[in-house]
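Presented sequentially are two complexes of subunit A, the first with subunit B as partner and the second with subunit C.
For the complex of A and B:
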């Protein structure tokens, strides 16, 4: 993990867009979409926030696309976070795991799914959802026991 | 139940029959080598639609979700008489060779096509689909672990890009999206 975490998986390094989307600003949490939708690690309240931060890092580094869970419950699949001008955008995704942010970007609706290409993270409020108080670490094995 | 309920928040309106062109300039020509030593381009030889993923055959991370999902979608669509070929372009050509990549892919689905090549020809494909490949660390048992693209691409028989599939959808929902593009019309 200590090797993988500083690096990041860029979920999709998009070239210049070929069609117009809708510019939006969304406030919400950068989530691990696999655990959120699969339910394999627990209910939706347990796989967000501080309880799931470590697992979210693992999943992101392993290739799971991150999502943006808006305050109204809408989930946007994040195609790119363009805060970094280079391909280091992956580092941005890792550093924002489980953080609540306000993102400015282009929204696309396709196949009944919501996508966002984040052009700028306007504010990063850090991890503000203290779910570890109720759930501990989710899943417990995401935080390796020291040898 | 949980997954169904959650899906409501992700899914916006209805599905995809007449989607506008992709807002992303993805897709393009490539010519690589499959596990049988044959050259294969972006076009399917039999004109079938294709599910394309960039990964590697022994990947334990996102590929372990995406490749079985692709297999399940292919099988679900086959029941409807819709032929779709699952294709993986390797991001680890040192590990995925003509000789080695066929067996693990066949375990996932017998129709899986693995594609490899030299660095230059693979880079052409990566560039076409905006795939960034980054070595993360070396696993002593499985070799290099790579960061790479996360989405499954739906291509038509000619190799033109139709849409993206997030690998976190279940097979049923993914197959529904594909049907929106491939179901016989008339």
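For the complex of A and C:
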């Protein structure tokens, strides 16, 4: 009991302190987080890769956060890519929509969400997930009928 | 002593447990699988600043993702979406309130299968004694910033940056030849 109270008090203070980052290297796809989490366009497998490329462009340009979906299924909210801290409709993140990349950076966690500040995109493998073969385009109207 | 300890444990446990913020919410359903109405008071913060200490003036003037640190439990909610069904985020709606404590109403997404928590769609905002305002200004602000893209159809068909990427990479992002094959097989 003598040690329990100070320990509990220090635990209470934790949310008020600044988060501490951890350096990580992650390989995964730059995704549209709203469509992925909300299910508004369908299941998670349908809102990644080529099927969702155009919608991912729309959402990224529209200022919706982009995420890095790691191979183990973890999603990291991307807050900065190299020198570009424009995480709301930024040019760098737009250029990487649906691309699979390996990123090196700092990882932060707060209240159940994961965040990454990417210091360097080590490799950009472009789009490697041809999901249109299974799902068509998601949403279907993202690929307009040719005139 | 045990009573104090019990209170402390309750205090510690409360942010971890799922809380109900639906009281008083007038949020409109989007018929999403994991949506939960949520109305709460929160401070508008720059997420990158909050986590890493990289803090420009005015939360980055709308260029950075913003968070909502809830007054009730100090949880940082990430507002991803405004109220427009138009592929539009929440930053443009919240940026004018950087550093302020406001009240928001909208939909929380809580999906254990996807580890989705503290993700939010903001539908309306109340600052101080002012009336509630709708969080639906993104497209108007986009149109003001892109007079050269004026025309018919939704903004995402006219946005210069999106059009440039599609012109070079195609709708599928796999090149124009892949687009041509897809169009031939599907239209």
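In this section, the second predicted complex is superposed on the first by the 116 of 147 C-alpha atoms of A that agree within 3 Å, B and C clash if a C-alpha of one lies under 4 Å from a C-alpha of the other, contacts with A are read in each partner's own complex, and residues count from 1 in each chain.
FYI, contacts are C-beta pairs under 8 Å (C-beta built on N, C-alpha and C of every residue); 3 or more make two chains touch, one makes a residue touch a chain.
Computed from a predicted model, the values in this text were never measured in an experiment.
Novice: Subunit A residues in contact: does subunit B have more, or subunit C?
Specialist: The partner making contact with more of subunit A's residues is C.
Novice: Taking the superposition as given, does A:44 touch the first partner, subunit B, the second, subunit C, both, or neither?
Specialist: both
Novice: Taking the superposition on A as described, I'd like to know which of subunit B and subunit C A:62 touches: first, second, both or neither.
Specialist: Both partners, subunit B and subunit C.
Novice: Answer with first, second, both or neither: which of subunit B and subunit C does A:130 touch in the superposed model?
Specialist: second
Novice: Should A:53 be classified as contacting the first partner (subunit B), the second (subunit C), both, or neither?
Specialist: Once the two structures are laid over each other on A, A:53 reaches subunit C alone.
Novice: Kindly classify A:97 by the partners it touches after superposition: subunit B alone (first), subunit C alone (second), both, or neither?
Specialist: second
Novice: Which residues of subunit A are in contact with subunit B in one complex and with subunit C in the other?
Specialist: The answer is residues 4, 8-9, 11-12, 15-16, 18-19, 21, 33-34, 36-39, 44, 61-65, 74-75, 77, 79, 87, 90, 106, 108, 110-113 of subunit A.
Novice: In the complex of these two chains, what residues of subunit A are touching subunit C?
Specialist: So the residues of subunit A touching subunit C come out as 1, 4-5, 8-9, 11-12, 15-16, 18-19, 21, 33-34, 36-40, 44, 50-51, 53-55, 57-59, 61-65, 74-75, 77, 79-80, 85-91, 94-95, 97-98, 106, 108, 110-113, 115, 117, 126-127, 130, 132, 136-137, 142-146.
Novice: In their complex, what parts of subunit B are in touch with subunit A?
Specialist: Contacts found on subunit B: 2-3, 6-7, 9-16, 19-26, 61-63, 65-66, 130-132, 134, 136-137, 145, 147-151, 163-164, 166-169, 177, 180.
Novice: Please output the residues of subunit C touching subunit A within their complex, sorted ascending.
Specialist: These residues of subunit C touch subunit A: 1, 4-5, 8-9, 11-12, 15, 30, 32-35, 47-48, 50-54, 56, 60, 62-66, 74-78, 80-81, 86-92, 109, 111, 114-119, 121, 138, 156, 159, 161-162, 165-166, 169, 171-174, 178-179, 182-183, 186-187.
Novice: Of all residues in subunit A, which touch subunit B in the complex?
Specialist: Interface residues on subunit A, with respect to subunit B: 3-4, 7-21, 33-34, 36-39, 43-44, 61-65, 67, 73-75, 77, 79, 87, 90, 106, 108-114.
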